[in-house]
Structures are given as structure tokens and as C-alpha cells.
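Structures follow.
In the two complexes below, chain A is the common chain; its partner is chain B in one and chain C in the other.
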Partner chain A sequence: MPVLLYCVAEASAPLEGPRTGVRGQPVARIEHCGLAVYLSRDSNSDAWTRPPVRDSVLEFHQVLRQLFASVAILPFRFPTIVAGDRELEAHLESASERYKHLLEKYKTSVQVEVLVSPVEKPGAPSTASGTEYLRTRKSQLDGLDQIVAGLSSVAGCAVIEWQVRRLPQGVRWFGRLERDSVDQFKAAMKTWKLPAGHIARVSGPWPVTEFFHLDPS
Partner chain B sequence: MHPQPELETSLPQSHIDCSPDNVEQGLAKLVLSLIELLRQLLERQAIRRMEGGSLTDQQIEDMGQALMKLEAKLHELAEHFGLSPADLNLDLGPIGNLLEK
Partner chain C sequence: MSTGSGAVVFTDQSGGDQLSLVDILDHVLNQGIMIRGNLVISLAGVDLVYVGLDMILTSIETAMRHMNPPAPLAKK
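So, the complex of A and B:
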């Protein structure tokens, strides 16, 4: 029977997790290779991705949020669906060492995110000059670099490490911090002066997914 | 609160939708995403060269014009196929997305 995967956690994770998940399906917890996996089963896997998909995504993340409130988790993308328990077990047998390493390493860490973008919405260019177009882009990039530097400086006391992803229209800044440093980070954010002409959205704490791929293991 | 970033995983990921009803949009998404990637790379290179002083004023103007028109055309085509700028991306599974998002 198809299985929708929510996340992996240490085997010590709560036996009583969220009761319902995507499309009201029960959330089950299994243990294999010393890991706990939270999942739902349904003979019709299309049900999980049937429109409106947004509702399914929100239900999926609700399950993750509930679990992440108390333990470190490695969330799967939505929708990660495997054919059945046997396929899941085979996956865990090959990946369990890495998962255990990540869970141990980031056990007390959380991730926060700041999305910074110019107020001007992306769209068709408005200038008639090619030179002006390139200079405007350059100016936007320089402005964002300065904002990132300021943000990293303000948040630096609370974060363990940070990284930036540049977007066509803005940047996403990710910070990794200890669970008990979240209030300190929020207080630091209140002192941050965002330059005019930009908007910022701060979110978190989340699982530290942006830092997993940087891990040399 | 909004959905958090997703974990990379070696398990199967989403795919381009090429069902009979959506084949046009699925292919348009694929092609336009690749063009958007190239446009972004070209734009970064153009800015680097402009800053490096290796281009004449006319060359800067020509490159800027070309990139500007390419961006406008991409938006126009995306809109035609019912795609938003955020849709111009491809999920490459374990290695992430084609473009940063």
C-alpha cells in the first residue's frame, strides 16, 4: 500500500504524535534501523495530491510543526510517496547512518529565515535603456549585499551559522541557532533597520533543512 | 507562517506534468525554466563584465537591451501558458531546484 512520508526522527521521539495528517488520514509511527518514521498509508496515493494541493501541503506541514515543537526531525518533501513499507525499509537501511548523524548533530538546532525583496514587484522591465537596465540590476544587487551584511551583523550574536541564497528578486537568509536562542534572535530582529524600498519576512523556527546539504557527511 | 524549506532526499520527487490535458503547459514550464536559467546566468555575466570595464558603452547598451527584451518575452510567454514567474523552476530531486527560490 502506498505510503506518504512526513519525517524521520530519533527512535526516542514521541510515541503519540499528530493523529491526522494529509486528507484526514491517520498518522502512523514506525521504527526501523533505530529511527522513527511518521507516515500515512492509503491504497489510493492520488488522494494526497488531488487539488487543492495547497490544502494538502498545509496539512503536511501541520504534522511537521507539531512534531518539530518537541523533537528534531528530518522532514521529507511533499509529496514523498513510496510504494509500500518494504521500499521505505530499504531506503532507511541505506540512509539510516546519515539520518542518525544529522539528527544527532542538529538535535538542538533550529533554522530561521529572512526573505528580503525590493518593494517593486518582479515583472517586465520598465526602462527603455539597456545600460540603465543593467545598472539598475547592479544597484539592486549591491543594495541586497549591504542588507545581508547588516542583517548578519545584527543577528550574529544569536546564530551559530548563516547562509544566503540569492534570488532573481531578492535574497533568502537562513540562520541556524539553538532552540533556546530563538527569543534572542527575535529581539535582535527588532533592532534591525531595513533600508527603505525593501520588505522583509521573518519566519521560523523550522527544521534546519538548509544546512543539511552543507554537512560533509 | 508559511511552508518551510524542504529536506533533500533520495526518494522519488515530483515530475513535470505531461498528462494529455497539461502537456503544453508542462513542456512550456520545462523550456521556459531553462531559458530563465540562461537569462539569469547571462545577466550576472553581463554585470560582471560591465563592472570589469571590458565593454564599450555600446556593447553594454546592446547587452542590456537584449537581456531586457528576453525578460519581457519570457514573462509574456509564461503568462500565455498560465505560468507565474515562480513557476519557472524545476525540481531536480536530491540536488534541489534548477533555480533558487
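So, the complex of A and C:
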């Protein structure tokens, strides 16, 4: 029977997790290779991705959120569906050591994120000149670099490590911190003097997915 | 560079508004373990998956439009 995978956790993870998952299916917990896996089973796997898909994504997220509130998890991307329990067990047998290593290493860590973008659309041409456009764009990027430096400085007391990814609409800053430092981080963000003309969205805590590569290949 | 008047917004993870929905979609769809190979079965053929993802991407684009606050109204 097809199995929808939510996440992997240490075997010490709660026996009583979320009861219902995507499309109201029961959430089951199995243990294999010293790991706990949370999943749903349904003979009709199409139901999990049937429109409106947004609802399925939110239901999936709620399962992860409830578990992550108390333990470290390695979430699967939605939708990760395997043909059955045997296939899942085979996967765990090949990947369990890596998963255990990651869960142990990031056991007490969480991830926070800040998306910084100019209020004005990045690179929006305000003049007809291509040269002016490039100048404007470079100025915006330089400004974002300065902002990231300031952000990292302000958040530094709470953050173990951080990294930045540049996006078309701005920059995305990822911080890894101890689970009990989230309030300290948010308090620091409230003191942050963000330069005029920019908006920053702070989110988290999330599972620490940005600081390791989970693709077993 | 002037400082101090940019907007810092804290989003929750309820999915109840467009901003938090964007964050959730990004995390659920783009971050986490990805199993490759024969373990992943197709859902009624690959087409259905692609249809689903296209719909999600459309929602993201819609949500992203709401991320940028509207330009201030000109004073008359």
C-alpha cells in the first residue's frame, strides 16, 4: 500500500504524535533501524495530491509542526510517496546512519530565516538607460550586502552559524541557533535598524534543512 | 545609507495569511529529504504530479505578489 512520508526522527521521538495528516488520513509511526518515521498509508495515493493541493501542503506542514515543537526532525519533501513499508524499510537500511548522524548533530538546533527585499522592485528600471539600470541594480545589491552584514551582527549573539542565499527579489538569510535561543533572536531582531526602503520578513523556527544536504545521492 | 525606518515583519507558521503560506509552501516543497529512484512511485502517472505542482507554483506566484507592500498613496 502506498505510503506518504512526513519525517524521520530519533527513536525516542513521541509515541503519540499527530493523529491525522494529509486528507484526514491517520498518521502512523513506525520504528526501523533505530529511527522513527511518521507516515500515512492509503491505497489511493492520488488523494494526497488531488486539488486543492494547497490544503494537502498545509496539512502536511501541521504534522511536521506538531512534531518539531518537541523533537528534531528530518522532514521529507511533499509529496514523498513510496510503494509500501518494505520499500521504506529498504530506504532506511541504506540511509539510517546518515539520518542518525544528522539528527544527533542538529538535535537541539533550529533554523530561522530573514528575507530582505527592497520595497521597490529589485532592478526596476527607473530610467531608459541600460547603464543606469545596471548602476541601480548594483547599488541595490551593495545595499543588501550591507544589510546582511548588519543583520548578522545584530543576530550574532544568538546564532551558531548563518548563511545567505541571493534571490531575484532580495536576499534570504538563514541562521542556525539553539532551540532555546529563539526568543533571544527575535528580541534582537526587534532592535535591528533596517535601512529605509526595505522590508524584512522574519520566520521560524524551522527544522534545520538549510545547513545540510539531505539528498542521499 | 539611512537606517532605521525599514519594516521588519514577523510571520507565524499558521498558513492563515499569504506571507506565512509562502514560507510554508517553500519549506514543504523545496526543503527536506528527497528520495530518488524506484522508491518513489508515480501518482497515476507523472502527469498528475506535475499538474499538482503547477497549481502550487501558481499559488506561490500569487502569494508573492502580496509580499511587496503596496506603494504609498500620493498625497493630494
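Assume the second predicted complex is superposed on the first by the 206 of 217 C-alpha atoms of A that agree within 3 Å, B and C clash if a C-alpha of one lies under 4 Å from a C-alpha of the other, contacts with A are read in each partner's own complex, and residues count from 1 in each chain.
Going forward, a residue touches a chain if its C-beta (ideal position, glycine included) is under 8 Å from a C-beta of that chain, and two chains touch if they have at least 3 such contacts.
Because the structure is predicted, anything quoted here is derived from the model rather than measured.
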Partner chain in contact with A:Arg41 - chain B first, chain C second, else both or neither: neither
Partner chain(s) touched by A:Thr131 [first = chain B, second = chain C, both, neither]: first
Touched partner set for A:Val119, first chain B, second chain C, both or neither: second
Per-residue contact with chain A, leading partner among chain C and chain B: C
Partner chain in contact with A:Lys100 - chain B first, chain C second, else both or neither: neither
Partner chain(s) touched by A:Gly143 [first = chain B, second = chain C, both, neither]: second
Which of chain B and chain C A:Trp192 touches, first, second, both or neither: second
Touching partner for A:His32 - first (chain B), second (chain C), both, neither: neither
A:Arg23 touches, of chain B and chain C: first, second, both or neither? neither
Intersection of chain A interface sets (partners chain B, chain C): 5, 7, 57-58, 61, 64-65, 74-82, 91, 113, 201, 203, 206-207, 209-210
Chain B contact footprint on chain A (complex, rising order): 5, 7, 57-58, 61, 64-65, 74-82, 91, 95, 111, 113, 122-125, 127, 129-135, 137-138, 141, 165-168, 172, 174, 201, 203-204, 206-207, 209-210, 212-213
Touching residues (chain side chain A, partner chain C) in the complex: 2, 5, 7-8, 45-46, 48-54, 57-58, 60-61, 64-65, 74-83, 87-88, 90-91, 113, 117, 119, 121, 143, 146, 169, 186, 189-190, 192-203, 206-207, 209-210, 214-217
Interface residues, chain B side, partner chain A - complex: 1-14, 40, 43, 46-47, 50-51, 57, 60-68, 71-72, 75-76, 85, 96, 99-101
List of chain C residues in touch with chain A within their complex: 1-11, 13, 15, 19-21, 23-25, 27-36, 39-41, 43-44, 48-49, 52-53, 55-56, 59, 64, 67-69
